[in-house]
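We just call them A, B and C in the order they show up, numbering each chain from 1.
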């Protein structure tokens, strides 16, 4: 078996005095899709933020290896350049900066890091068009300011488009399904599925099982009170859906 | 008799006239010019001497010519006929506890907890500790002028046990012996957790011209609430220069509503200083002016510490040859991070000879802030006018309705029913009279 | 599309460069400099050196008399030590025997200076579509493309030349928009102005190329006082660009220019500036004092004047490009990006004076403050009583980078007509942490992210610049702010 892309060991993190992650352990191998489920406030989005390097969170214990490197000592942009991508739950708007400009800046930073020549305007345009087709996004997006005036669904689709452009090794989807209607959900999921490959892993964070009908995970984890309390196959998600989170809460209390 | 001054001083400059009156005033105190007040008076007159009366060359008075007002030669009011107050008191008694101040002197008040500055100052009472510390003479000619003639006013301290009745400070200027000017100095302190309402009204008796120079110093303690209402609905011979300076401690709240719908020359200078974290200030103003009325609002919202919020909305409807002035300053001092300040100024000019001069002003020295101001000048929405007319309203009726709605956004901020009703009725009368004309 | 991609390329080049004012070199050319000081004799000397007619000398002397009675204004939100006007030299010119007749006669040393600045004076090397008038210290050293323009009736030459060759036009318009007694600095300029550009576009002619003046202060202890006059006759159009740089020096140098624009009926003038005078060092030592009076008048109906400025340089900026909207249906525009960093101070904005009926104006101002700098917007919108149906829209935004700088907004709105509609909006904010994190997460470091965000913030203004200038301006914005985030 290949070496894991992501190894999280006993990860503890807090915001202010509030400890949110209390010993997360997780190993993801290349090509795998892991789903992280859990009730509100269980620490799902915190896990995503800590992995991406958001400053508001303080890691108090544990370690995270990304492709064997200590992820926690890298700046957010270095993590991105190493191939970690976060699809934001709430993508921000950047007034006046077109999606094309933004992505060209980002992509060429990544290429520089990998020792590649920057793409010229023509190559970049071609790549954008090709990837837009792959994730079924309207090229009109290119010239619009990043996320400015986008609907909730458009913002999420733009995140997947960026994923397609930047080709990360690990993509974390932070509640990408929230606020999407069924059609938008399907478009987003199709985009993700088109991007699945033996070298690329996904961490799909979601509250609902619904998304997992479209993006079928290899492993499902249940995060509760800052810990993974149960892991299983995709059937675990269905079981959760049927029995509700109270079921795992009971489970957690028994094993605590 | 002051009439002797009146006779000898007609050819004096405004400033010379003030000095002469100041000498008379100090003499008239008959040796009672000692202690805290005398010290402040001296600083006041010295500062006024240094600064002079501001001219239109002075940035803060660019649009408002004080000299043209002072040409009316107001005499510093020395006569007090308390009897004129009684029928005026009855006009406002339904609003709350009326405290009449006639020609600058507090008429003996029977209300508990309300004191005369003259009385408490002489005893160096704790109540007057803040006097001259919130509104300071230094650099401010109007406050200096007021302080030079410091004599009387209302002193109130409100705590959690104080009666909740609004205090109606009623300025009566008696012009039956000639044009008068009165200086009032009020001091209000709201103890932590307290809640106070102070209302300012002004009436002129007689046919002469009356100028009020009113200064309020107000301290709002932690978690305390202060509501200030200023109802300026006097006759064209009523003029006022008001300086209302309020300091807010942590989590204190201020709401201030100024309604300027009658009078001659009005200049209001409210200042809210947020000196405790979490403080919040709301300032609202409404101007409705016609004839040659001048209404000038110079507001200051000063964010001195982090995490305070403020909101400001001033509106004006100008007709005839009236002039409206709005200068709204928002300061965000260094370190006053997480400030959230909003200001808006909306004006409607109805006549070719009316004028609005607006200068919203932001001065920001902290970066983690959200400050916005908006200023619009325009006329009534044509679509709305058409809509109302298509429902059968005459153009005059439609206009009156829309103007009333425009004004009501401010009057709706007056939480006291009786006062709001009075103001709304006056406004309706103004627009209705207009409609008939 | 290609425009946006260009933008990124520019940013890429930048991030590798360390901050430096790359125009800070000094050129060792031989110059003729009059002794410091200002009096009637100096003015006579300047006028004589330029071979001016008597009326011009008298005009200057009158301005000098006004100036002597005026006081230096201090209402702007800028602070600097007193200027000793007698310590400044009012005329510096590269030594040469005679006015060059053609490009080939221009001193090769001079040419090298402008080439170093990226302003080649050889016509064949010119970027297509830009004619340049290069002004070094007090005098115009070369004007390109003039013959081509002349064939269309367009006059584009140095001011000195215009006074000699087209005295009637100059006399008719000089000082009509900015009178010699308009303000202290305008009076000073009127008395001592040495050169500048003159442009006249005849009726119905659309100037096919961008006209450009490039100003360069080189000599030490001198002031630069150029004067520009542009007249667009009925139905004509001209787009004019102005660029400026100066060597890095420890002492402050004064720049007090006057620009007058006149648009007759149906004419349009577009005036763009990228101001990059030396801003001083990080501690605020040195730099240009930029006290400039720029004003245009829409004299005829349906005329239009548009100012676009990108202000990144100067230690102190005091500048209010304005439009007097006299003709009915005339239009005035002001688009501005002003960046201050380190100890720079800028007090800039515009005046829109509505006199004619149905006149419209639009103001878009984007201020960016960083370091210990202060950046003020000061503007006036006046609707005169006879200006029926006038419209104005103003948007003034300020962005603060760091907590030691200041952003100030002083808009004056004076409305004397009930049919006017005036709207003013202003916001002050910082670059959101969440936006920076979003960029970081896509692999973009914070400095590049700031440059990207600033360019986005200023986009509405940058898009008004001619293409060549827009790229230059984007570069400048990023360079000016380097090191301000961290």
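To be clear about the criterion, a residue touches a chain if its C-beta (ideal position, glycine included) is under 8 Å from a C-beta of that chain, and two chains touch if they have at least 3 such contacts.
Nothing here was measured: the structure is a model prediction, and the numbers come from that model.
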Exercise for the section: Mind having a look at which chain is the central one, using mean CA positions? Expected result: C
Problem - Chain located farthest away, centre of chain A as origin (C-alpha) - result: B
Practice task
Averaged over CA atoms, how far is the centre of chain A from the centre of chain C? Could you give it in whole Å?
Solution key: 49
Exercise for the section: Starting from the mean Cα coordinates of chain B and chain C, work out the distance between those two points in Å. Expected result: 44
Problem - Whole-Å gap between the CA centroids of chain A and chain B - result: 58
Handout entry: Contact footprint of chain A on chain C as seen in their complex
Key = 1-2, 4-9, 11-12, 432-435, 437-446, 448, 452-453, 455-460
Practice task
State the interface residues of chain B toward chain C in the complex, per the touch definition above.
Solution key: 59, 332, 334-335, 337, 347, 349-379
Handout entry: In the complex with chain B, residue positions of chain C that touch it
Key = 75, 383, 385, 398, 400-430
Exercise for the section: Spell out the part of chain A that touches chain C in their complex, as residue ranges. Expected result: 52-55, 75-77, 79-81, 85-86, 88, 91-92, 94-98, 100-106, 108-110, 113, 118, 121, 124-125, 142-143, 145, 162, 166
